[in-house]
Amino acid sequence: MPRAWRWILKTCEFTARDGTGRAGRLRIDDSEYLLPWAGDVPSLFPALTERKLDAFFPSDDPEFVKKFFTSDGKQPIRLHIHHPEEVTSGDAVITPNWHTLIQQPRDFVRHLQILKERIPPDTCWYFPGGVLPENAAILVHAGFDLFDFTGVDLKAVQGRFCLPDGDYPETVMAEGLCQCPGCKAGDLREHNRNALKQELALIRTRIKAGTFREFLEGRVRTRPPYVSIMRHLDRSALMENHTPVTRSTPFIAATGDSIHRPEVKRFAERLLTRYIPPLTDVAVLLPCSARKPYSLSQSHHKFTQAISRRAHELILTSPLGLVPRDVELVYPAAHYDVPVTGYWDHEERFQIADTLAKYLMKHQYRRVIAHLDGDALLIATDAADQAGITLESTCSTHPTDPVALRQLSEALSGEKKVKNHLLRGLVSMQFGYDLRVPGLEVKGSYPEVIVKKGRQQIFSLEPSTGMLRPTFDGWSMIDTGYRVYIDDFVPQGDILAPGVVEADPAVREGDEILVIGENAMATGRAVMSADEMIRSHRGVAVRVRKVKKLNG
Amino acid sequence: MPRAWRWILKTCEFTARDGTGRAGRLRIDDSEYLLPWAGDVPSLFPALTERKLDAFFPSDDPEFVKKFFTSDGKQPIRLHIHHPEEVTSGDAVITPNWHTLIQQPRDFVRHLQILKERIPPDTCWYFPGGVLPENAAILVHAGFDLFDFTGVDLKAVQGRFCLPDGDYPETVMAEGLCQCPGCKAGDLREHNRNALKQELALIRTRIKAGTFREFLEGRVRTRPPYVSIMRHLDRSALMENHTPVTRSTPFIAATGDSIHRPEVKRFAERLLTRYIPPLTDVAVLLPCSARKPYSLSQSHHKFTQAISRRAHELILTSPLGLVPRDVELVYPAAHYDVPVTGYWDHEERFQIADTLAKYLMKHQYRRVIAHLDGDALLIATDAADQAGITLESTCSTHPTDPVALRQLSEALSGEKKVKNHLLRGLVSMQFGYDLRVPGLEVKGSYPEVIVKKGRQQIFSLEPSTGMLRPTFDGWSMIDTGYRVYIDDFVPQGDILAPGVVEADPAVREGDEILVIGENAMATGRAVMSADEMIRSHRGVAVRVRKVKKLNG
Amino acid sequence: MKKEQKNTPIALWTGSDRVLDEILNSVTVILRSGGCSWNRCLMCQYRHERYHDLTVQELIGAMIEQIEVLATNIAEHDPKLVKIYTSGTFFDDQEVPPVVRERIADLCKGRTLTVECRGDYVDYEKVASYVDLLKNESGQGGLIIAIGLETSSDLIREKCIDKGLSFSQYITAAEDIRRAGGLVKTYLLYKPAYVSEREAYEDMVSSIKEILPYTDLISMNPCSVQRHTLVERLWRQGSYRPPYLWSVAKVLADAPVHITCDPLGGGQKRGAHNCGTCDQMILDAIREYNLNGDQELIRSVLEMSCGCKKEWEFIMEHEHPYAMPLTG
Amino acid sequence: MKKEQKNTPIALWTGSDRVLDEILNSVTVILRSGGCSWNRCLMCQYRHERYHDLTVQELIGAMIEQIEVLATNIAEHDPKLVKIYTSGTFFDDQEVPPVVRERIADLCKGRTLTVECRGDYVDYEKVASYVDLLKNESGQGGLIIAIGLETSSDLIREKCIDKGLSFSQYITAAEDIRRAGGLVKTYLLYKPAYVSEREAYEDMVSSIKEILPYTDLISMNPCSVQRHTLVERLWRQGSYRPPYLWSVAKVLADAPVHITCDPLGGGQKRGAHNCGTCDQMILDAIREYNLNGDQELIRSVLEMSCGCKKEWEFIMEHEHPYAMPLTG
């Protein structure tokens, strides 16, 4: 078989993503490997053993790299920030000696970001040498797909027994920590390999289920550098780009790091830049509830009754900061679950007060009523001070106490009813667009509603994700944004990445999309971010719901 | 076999502790079970199936309990906060229906604390029904020892596949997440039981290694209530009592919760109440270093040279707050490892500033020089404001920059050398005692030093734990505290709990101890807290180092 | 409270009932009354559905007004069977003043009337004279007195229900009723708080066996989670789960006599329920069986397979009083 | 810098050395010199151990002062062998002024003198005349010129050491030295930066084979982590590990000729090391072998078992240039 032909058969595709981590397939000749995968990588890529004396380190300077780094055109293609390699979609790439970067989280993420922005997203990333069960999760999270047994085999010869939470003296093998065939046979190397394979299988499962991040939150705690890498990644554009706009799984905010998750920052940012509040100049600040969406909880039922639509309801919460009632279904507002202890730590206090203060400065209310007690009231007062306004308080007792509810109701006596705003608020958050179409009717039992204009359905609301789904008629009311442009074909089924010509840069995985081509339009849901659909050459870009042929 | 005789054969003993979690043995007749253990508990304790219609819930009120709760004297003895049961050391006890409390973390910890204070510590705690691989760690952490398969078997009939990070649809069994015999045979129930057994074996290993807490930090992230339980426990007297005063393993502070660990609070509290600083009225605030103890790092080498003993060195750090140079070896100052990102969150800022402000208010310095930059300087300034003092700053550049070091050195020109203080500081932190004995000499190469007076050794310093070990001569200089009183026997080997008559309530696991009896004195190390040695009737209380017979 | 009190029945509906192998058209009414003088049962919601602080005259007025609604309905449907629930004891003068009872007797003369009565309030004289009142000229008309025994176990009744009645008091009352010419209907409560799924099942089986000599009719009802009850508090904190419909069906299938059963809130979280998939099928079968008494139908339901059946079997075997409930 | 500069040698010690199967008592001195004019080698610390900004006269004065220390030592010990290291090139006039060289020749006349010289600085005329200077009346005295070839691989020498010398330049220099009556000693560097454990091993094996025709003596030295070097920067970030002592011993054991070896910092993190348990034993064997040339001793060391041997074997097989170093 000619060499060139062999290369064409090395290709990869990704079918599921959760943040920057992804699951997919690597095909080499007739074999298929489920990514993320660990195995005898050098046997798959002969170039790895053919290359001699070609060590490079991520920290090497540009002149050194320029002088000694020579391309051989073979896969896995070696990456270095100072070496512009030609990489094509589907290629396997390698980051030589990056195991030495794990101890330098800031550099790790800096190098990663440079390379991930440069290389097509649909490439298979091989992290050589350094993977262990304990760091597989953070490495997959960083966007690596392919691993080898070097690290675990080395642990075996060093007499260390590997588990996802660290390594132990091999004597623990007799203590029943694992019952894999390796352990049964007293074969430490086999156990270590099994431990890694199991961890990767679990990661695959988690990515496919959309619960990988929650898993990662626990896994990284083994060693501080893993936490640092996660934290640096959380603050990177890379992560913002790859974080889906919604999930239907719970958002478990079980650590102090949750408050810095891209989803939380995105919510606050959209609240402050996109969100359009209803037409009223009275706001009530309310405590959050364990049950989501809030309005289905007993306490909020009482609040809503007491308020009777005479004010805009704003819910104060950690880690999200501030959730207006009309967008309480927007991810992750209806999805998060936090450990409740009654103690608000100072990072929470700061972030919430910061968001609230900015919100109150942007949207000037005539009256802001704090129906809060305890720390929540302190935080709100702090934010009001920052915003230069004075709060009214209606809680001399616990917020759900009848006395407090009466105070709240009385404080609002004489205020006018606020017009129902659900749709305009949701549209502003999701599409960044101000929908001012008259005559729209919300039908159904909240949160299971559809929006009609006359007899035509305009939107449906998906309660599990909080996303509005526009029909073609709905899209015709949203003038700009969330468009994906395709060539002159008529989509048969989903739209693949190579078919995408252009896309609104705001598009993220999970977004509702209007597909526009010369000969057809379609509605659907983005499976990848705008950046990824433009730079990728394989994989589904948009899951199509409806297609409309244009001009015959 | 007569009944009474059978009971005597049901007994337990604990051999290792890490916080409130412990490992040990349960003996029933000729069989021995390694605790924590999960198995067919009802078959070990016939009373469990004999008792009919005796359901009680933790929330039941006192009158109800008084009316219907009847004792049968059999093990496992049922516990309820409103029912005063007679429980003896070595007994097995059960907390009926506590699985319903997991969702109510505050109550869980409240009930636990009441019962743990009432019942002898060396009892075997059976948590019926609710254990799963995902919550085994938090339940052991809470002080439970004995579990059954009810929870995992139920998951099996419900088609759920259990792992320590949660449960999955049984279809994942084919995906290679586990290779235990159950998985090989496609037997979900066996897999689930194996997963639980493996998790408990791992927990045992971790407790014995003294690294259980670090393990727990990752494990609890599965579900918010587990985090809440951990947080409530961290803030409880129970946990303070059971947290060892030192460990030789790393203190990994990988989450926001680390700052609330009892070790951190204890350090700050001892710093503010016990610590006696050297005689100088000039202090320099320094940044911390990754290497521990700080003085072995390159940066601190430079600081120390620039300062040349002309000031008291205070290191600002997270999560510990403030570490004076002379007690930098005290646990966990020389043991902690944190993820470094350059971002100080507001909880850290608050806790550090709070400790520093209190310290500066207690100890009045004429000059406080902040050799800090960035956020650390902001935090110090904030603390100084709170304490009503003004800082001098010597960092126009990075603290290790030669310019800054020169500034620091120049700022101190003319200041007198501070007398070496190592011993007085360490003694004050460890024993809460002001050691003012003249003529003591510190010999050896720091941190491997011993203290002599003339030719007599007074103390040795254990660098891995930061603990001073007094000889009998050393003890003679410390007038009060850390005494354990025994009966009139002469210890042969270690001192067992039943031999302890009285103990200084300040004693914690790991403390250096002077044992005093009528006929003997001994030096040694506490293996349990004062409370536990007084209330227990089995197990080693003090590991004896040296014994001295009295009066022949 | 007074402002909101309504002088219409709490509920009123018409239907059919099986009484001693006969199917009768019926009207059922729940009257707001002076209230149960015991008023402590852990699962009882009607504790709140009562008049407060009325004079006797006011109470009589309010109840008569309610009865007029019933009267209209009787006039319209001419039911063979009238069932009147007062959330306590029909023969307690505090709860239902004698004059109200007389008005009811007028309305129901010649029909079969079912009323409820705490076992310790049964008075032979009162019952005997009331039976007479109900008889019309042709000797038609009868009285069924329903007693909420709930269980034959005094321990369960005391600890788990707080009913304030002993089994021996029940036996005396039942014998009195029969002697006075009435029929005895006994209510059993399937799975009160504090009993496991199996304990509840075994309790029903033995209760049925033990009451058979004393009762003419049996109505076994699964406990449901009513608002503002102690059971609801336990349920909210995960300490109570209503019975599985599998369990209910199993008792009915094995019972030696016909037993009526009304799974209030069946198939929902607060009522007897399985997994949600099979609930409706079992509920339909029970409803049908209530009327036609066809035990085969119930038995065939038990043969049905569903994903949750294994779970139920597991719970029946492995849920113990020290670790329950295991499911929600 | 000037204030701190000392006019005593950087180091001076006496000992024994094996030279062409003979054991000679020796004195070794490291002189602070004008400094290597190349001064770029990645592992070289001596770059910093030099005089800066001296006039030629000042340099001469400083070096002569150092040589007086050597003179005293020679007078005392009468060594057969004198080894002078200048951290660069003895025959570079910038580094070692001619007058200093002459003073040295005076001192060493009749003895064997070892000096070092970059391969591209070897000048036939200079060497030949210096050989003459060293000979005493009875024709005793000789010159050994040590060339830091480090490896026969031009790629490694360029990429991993940055030595600025080619193998062919070395061959020319060696031939010139021999023609001029001197002996050639060749330095090999075991495991510079950027080579894996196996690559380093194979490089040494082939280097030894390839230099054999041109050299009289071989000194193979494991790279160590010197302060303020590029190697140190790589080492600090985990990108460099000195060779295993196992590897060093294996090359010595299999070498076709006697090779001297001085594992600087051996057994420590910054020098060639194993696990800490077996290091001293191997170091002792190497030291002994340096003098007695007993290869069997080294071979027997390789037979020794230690917990880390498996690790080393694994590293030899599985450490690749794209994932190295794997251990610390």
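When the chains are written out, they are named A, B, C and D in that same order, and each has its own residue count from 1.
Note that in this section contacts are C-beta pairs under 8 Å (C-beta built on N, C-alpha and C of every residue); 3 or more make two chains touch, one makes a residue touch a chain.
Small disclaimer: the values here were computed from a predicted structure and weren't measured.
Peer 1: In whole angstrom, what separates the CA-based centres of subunit B and subunit D?
Peer 2: So the centre of subunit B lies 53 Å away from the centre of subunit D.
Peer 1: So the centre of each chain is just the mean of its C-alpha atoms; given that, what is the distance between subunit A and subunit B in Å?
Peer 2: Here subunit A and subunit B have centroids separated by 36 Å.
Peer 1: Quick one: report the Å distance separating subunit C from subunit D, using the average Cα coordinate of each chain.
Peer 2: One centre to the other, that is 102 Å.
Peer 1: List the centre-to-centre spacing of subunit B and subunit C in whole Å, with centres computed as mean CA coordinates.
Peer 2: Here the centre of subunit C sits 57 Å away from the centre of subunit B.
Peer 1: Pull out every residue in subunit D that's touching 2 or more other chains.
Peer 2: In subunit D, no residue touches two or more other chains.
Peer 1: Which subunit A residues sit where two or more other chains touch them?
Peer 2: There are none in subunit A.
Peer 1: Touch graph of the chains shown: is it line, ring, star, complete or other?
Peer 2: line
Peer 1: Give the pairs of chains that touch; include all such pairs.
Peer 2: A-B, A-D, B-C
Peer 1: For a test of understanding, state which residues of subunit A touch subunit B in their complex under the given definition.
Peer 2: Going through subunit A, the ones touching subunit B are 105-106, 163, 165-166, 168, 172, 175-181, 194, 197-198, 201-202, 204-205, 209, 211, 214-215, 217-228, 231-232, 235, 252-257, 337-343, 345-347, 349-350.
Peer 1: For the complex, which residues does subunit D have touching subunit A?
Peer 2: Counting only subunit D, the residues touching subunit A are 153, 155-156, 159-160, 194-196, 199, 233-234, 237-239, 307, 310-311, 313-315, 318, 320-324, 326-327.
Peer 1: Which residues, counting only subunit B, touch subunit C once they are in their complex?
Peer 2: Touch residues, subunit B against subunit C: 42, 48-49, 51-57, 59, 67-68, 78, 94, 96-97, 99-100, 103-104, 128-130, 148, 150-151, 153-154, 157-159.
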